[in-house]
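Since the structure comes first, as structure tokens, the remarks are kept for the end.
As written, the chains take the letters A, B, C and D, and residue 1 is the first residue of each chain.
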Amino acid sequence: MTTVTILRVVTKILMPYILLFGLYVQFHGDFGPGGGFQAGVIFAAGIILYALVYGLNSAIRIAPPVVLESLFALGVLIFAGTGVATMLMGGHFLDYNALSPHDPIHGQHWGLMAVEFGVGMAVASGMTLIYFAFAGRERVR
Amino acid sequence: MEHLPVLLIVVPLMAAPLCVLIRQPTLVMGFALVVIWSCPLMAATLLQRVLADGTISYAIGGWPAPYGIEYRVDALNAFVLLFVSSLGAAVLSYAPRSIAREIPQSKHHLFVTSYLLCLTGLMGMTITGDLFNVFVFLEISSLSSYALISLGRHRRALTAAFQYLILGTVGATFILIGIGLLYQMTGTLNMADMAERLRDVTGVRTVLVAFAFLSVGLALKMALFPLHLWLPDAYAFAPSAVTAFIAATSTKVSVYVLLRFVFSVFGVGFAFDTLGLDRILLPLALVGIFVASTVAIFQQNIKRMLAYSSVAQVGYMVLGISFASVNGLTASIVHMFNHALMKGGLFMAMGCIAFRLGSVDLDRMRGIGRTMPVTMALWVVGGLGLIGIPVTAGFISKWYLIMAALEQDRWVVAALVLVSSLLALVYILRVVEVAYFQEPAEGDAHVTEAPMSLLVPTGLVIGATLFFGLQTSWSAGVARVAAESLLGLSR
Amino acid sequence: MSPLGLYNYWVVIFLMMTGFYVVIARGNLIKKIIGLNIFQTSVFLLYLTMGKVRGGTVPIFAEIRADIYTHPLPSVLILTAIVVGIATTAVALALIVRIREAYGTIEEDDLDAINREE
Amino acid sequence: MSPSTVLLLTLALPLVAAVLTGLFDRRPNVREATTLVAGVLTFLVVASLVPDVLSGLRPEATLFEVVPGVSIAFTLEPLGMLFALVASGLWIVTTNYSIGYMRSHDEGHQTRFYTCFAVAIFAALGVALAGNLLTLFVFYEVLTISTYPLVAHHGDEKARRGARVYLGVLLTTSVALLLPAVIWTYTLAGTLDFTEGGILAGKADNLTLGILLALFAFGTGKAALMPFHRWLPAAMVAPTPVSALLHAVAVVKAGVFTVMKVAVYIFGIDLLASTHISVWLMYAAALTVMLSSLIAMTKDNLKARLAYSTISQLSYVVLGAALATGSGVIGGSMHIAMHAVGKITLFFCAGAIYVTAHKTEISDMRGIGRVMPITTFAFLIGALSVIGVPPFGGSWSKWYLALGAIDAHQSILVGVLMVSSLLNIAYLLPLPIRGFFSAPEGVANPKVKEAPLFCLVPLCVTATGCVLLFFYADGIYRLLAPLGGQ
């Protein structure tokens, strides 16, 4: 792989900001535009950019597919687990009010946060996995 | 207990990612089996409660019905849930041995995950009372079934899955358009609420267009002739366990959704009196039955033959709907169930044959009645059910269908239904003759009976077709209650 | 309202037909998927259009108080549909890659010919 | 044991036998002993109910409710009693004969043969005991399916083609005609129970009833009413014990039994007599009697000739039902038993000749009586009984049929009965005549001698039966008397 210094340097500078922006979108989701899905995509874009510039192998080193698969599963579990938690606390499935019986607004807040976190995790790892799956194929003929 | 409706969906949904986390094939399978057998138990409890106390409603997130997403269980969908989950569980119990030959071990946990997701999607479509939810769950089940089909050993599984993906997505998008137009007209997504509000806008053209988009989309998903083109390849080349599962459940759930839309959302009056739906469905169903059965007769690949037979059987279900009477709907609903059992069992038996022979071609099946007597006996019982011979479940479906036709004085339809079952006789007999009255080929003389772990689930499913051919109060009885409630005659 | 006043719907119909045509008429599997995406996008636009309220602002509950908001629900629904669309595309692309590996072509006519020979 | 338990036991025994024969695949002696024991037990159990039925009791048993108001249910009434006795009694004899035939012929797949045979008997008993039309239909179809492997037994192209015709005709007629008739009856009457006096009176106009009757008569393909008789000659490819089963014991008798049962318990003979809807059926049956007798005369193959003879004899029973008079019904029902014993004798003899002398064509059987005197004599007795000559059983049923025709003021039919008896003589007697009086030709082979004992004993038993039935016909008459309202 030819090394293009400018790209590598720029990527190195941009990476933290991309990931940070991803986190911002993630946690700002319940106040403004944003949320787990968008955040996950932005996060994944950061990793994909890294893979494009530094090569697939380095990217796989920082985010091994096995870990990504587990994170994906975990993300879904967090989402559904929140729902189960609300049920265990006496509400209906995904009834966030039940999370904080004294202050339903807070309950909503926490619930959304947890769910969006799960979504973000699943989407980020899912997107990266899809990229890896395609990029990792050998060329046919 | 109160959470049962949502648990039914959440349990397999959460089990799916857990399977990815566990990874180890044996553990995954054990875990999935425990989870999946809990589903029919829950569904049975639901059905029992619905029959005793009437419709159950569950508000997701605690948001009450017209605003939030509602899971709504009545006799009809509790019944569908029960048989879909039971067959899902039965086929998964059969799967470990079957996929060992057909799917590389590194993919087993992904197979189980997709399987659980597919089941979740199918049950979700059935249980939800929210239109948009139907679409979401439809896509969950479709996407996982594309993945499942593509796992087939033959490379044609890939093109089959792709073809299904294109047509399935077009169908799903049609449904999405229909739902969007309905939402535009009524401002609600809740089925019960929409049924109320649609009464004010019956004549509006948007509603008609929405109805058209929905029915075409669903017809694609349930493989109603002539929109069945994806089905034969998909069934023929998917792994045996996948074929058994999809054939037993997927199209039935789409038929259920059609029933739900036509009768619960749009109402009989609109669909049949205003639109004349029966004038479209009846000929389509009949032509479908005849064309598909005839094509089935000429198939060499027996899985493909059974696939065409499935297209024909969907015709019977739609025929029952087109009568719009209690007996007609009972026939449809009970045939959904009976056909799920028969086709599931037949494809499971095909899986046993593929397990030993590595092929499902008619030529290779010579003399198999002697080398694999139990498998073939089960196959024959399932086949007799397709013809509609008494004592098998298929007879009960035919009985109600004929009765529905006769009570509306549709002699020709009744006669055609009866004649069509003779076409089934031809394609079943063709296999029987080869299997029992021809000598095995040189290389296949040593073939032995399939292992018990395959035979027992197959036997249970086929045995159930015999049981429900005699004891019909649990099948036709429930179907009748469901049919009456769909037509608004009770509760 | 003049027919052209509903120009969004014209766009929807145009996209829908374009997408549908591409799905049916193109033999290249990748192009089919592109067509499918255009087809789905038209539906997304349909939903967004019906949620739009003329003069309405972003439906976010914050400092700015406005009297008219765009209906948020269709946007929410369509977000889900977009996710589904992405998943479908991903599965489709994965299948196409596998088909290319197994058959060496992604032209539908060639695939049919190969399948028929078998 | 309560009578209803006994009823279910009757059905269970052959089924158990079927399972056991399947299990004893490797031990032929045990397998065949099982069949024999089951046969004897079944017959005894059926016979134990005779006094009950004679005294007017109707034992009942109900199993599952299949459709609302219609269950799989059993009721034992005189007609069913007679058929059950015939089926279970002749099962014993046929089993004995099968052992001799199958072994000396070295047939393959003998386990499949015995298992399917037992299932067929089970189905025939189910037909006999059926308490409603649905149950009858269910067992009727089971009978069709279970005999299919028997007909296709040899497995070669010829056998498969014959079996295809067999299954095709029987299933087509039953599914396309009989089933709608059953469902239609259900929608009209709301019940399918066999009730004395019928269930259809006053439920429909004459046209509907006429169409229904036609559906029933032609839908019962096993009754071989022309033009749905093709399956019978086609099924001749089967081994001889199977032909005996098909033609004498189970299949055809289940067919005519169904027609009789429908006439008596679904329509009711009063309804038939008062509306005259069955008149066309009398002529259809009479036509079948004449035509098939004529065809029988042209056949040189012994089994084919017997097949057409069966078609003609079956129509006597249908005729009896269609006459809708007391004597007609009794005569027709009696003919079920009389013809069964006579015809089975003839088939046993045909099989015995085939096994020992390997002859199938009548023209080749000159002088057969000199080498196989017992067999040929038994054939003569069977033939005379079928023709209706005293002192053989067949004379009684023809007598009552003729009486019935007179009661119904159908003197033409009396003539038909007479002429057909003459035709019977013309096609049945040449064999014994040639057998005894022609010089042996070819069969003078010194190796050819009397058939094996296992074959010989059964055919002597049934031939004796033909004689006994003449003297004990009174018992049958008393049993059947309630049917005719006497």
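Basically, a contact is a pair of C-beta atoms (placed from the backbone, for glycine too) under 8 Å apart; a residue touches a chain by one contact, two chains touch by 3 or more.
Everything numeric in this text was worked out from a predicted model, so none of it was measured.
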| item | value |
| --- | --- |
| Chain pair with the higher count of C-beta pairs in contact (A-C, A-B) | A-B |
| Distance between chain centroids, defined by C-alpha means - chain A, chain B (Å) | 36 |
| Averaged-CA centre spacing for the pair chain C and chain A, given as whole angstrom | 24 |
| Euclidean distance of C-alpha centroids - chain B vs chain D, Å | 43 |
| Chain C-chain D separation of Cα centroids, rounded to whole Å | 69 |
| Pairs of chains, among all present, that meet the touch criterion | A-B, A-C, B-C, B-D |
| Chain A residues within the chain C interface of the complex | 31-33, 37, 130, 133-134, 137, 140-141 |
| Contact footprint of chain B on chain C as seen in their complex | 20, 23, 29, 32, 36, 39-40, 43, 46-47, 50, 74, 77, 80-81, 84, 87-88, 91-92, 95-96, 98-99, 102-103, 111, 115, 118 |
| Complex interface listing, chain D residues touching chain B | 63-68, 72, 134, 137-138, 141-142, 145, 149, 152, 155, 159-160, 164, 167-168, 171-172, 175-176, 179-180, 183-184, 186-187 |
| Sites on chain B touched by chain D in the complex | 384, 387-391, 395-396, 398-400, 402-403, 406-407, 414-415, 418-419, 421-422, 425, 429, 433, 436-438, 469-473, 476, 480 |
| Of all residues in chain A, those that touch chain B in their complex | 69-70, 72-77, 80-81, 83-84, 87, 91-98 |
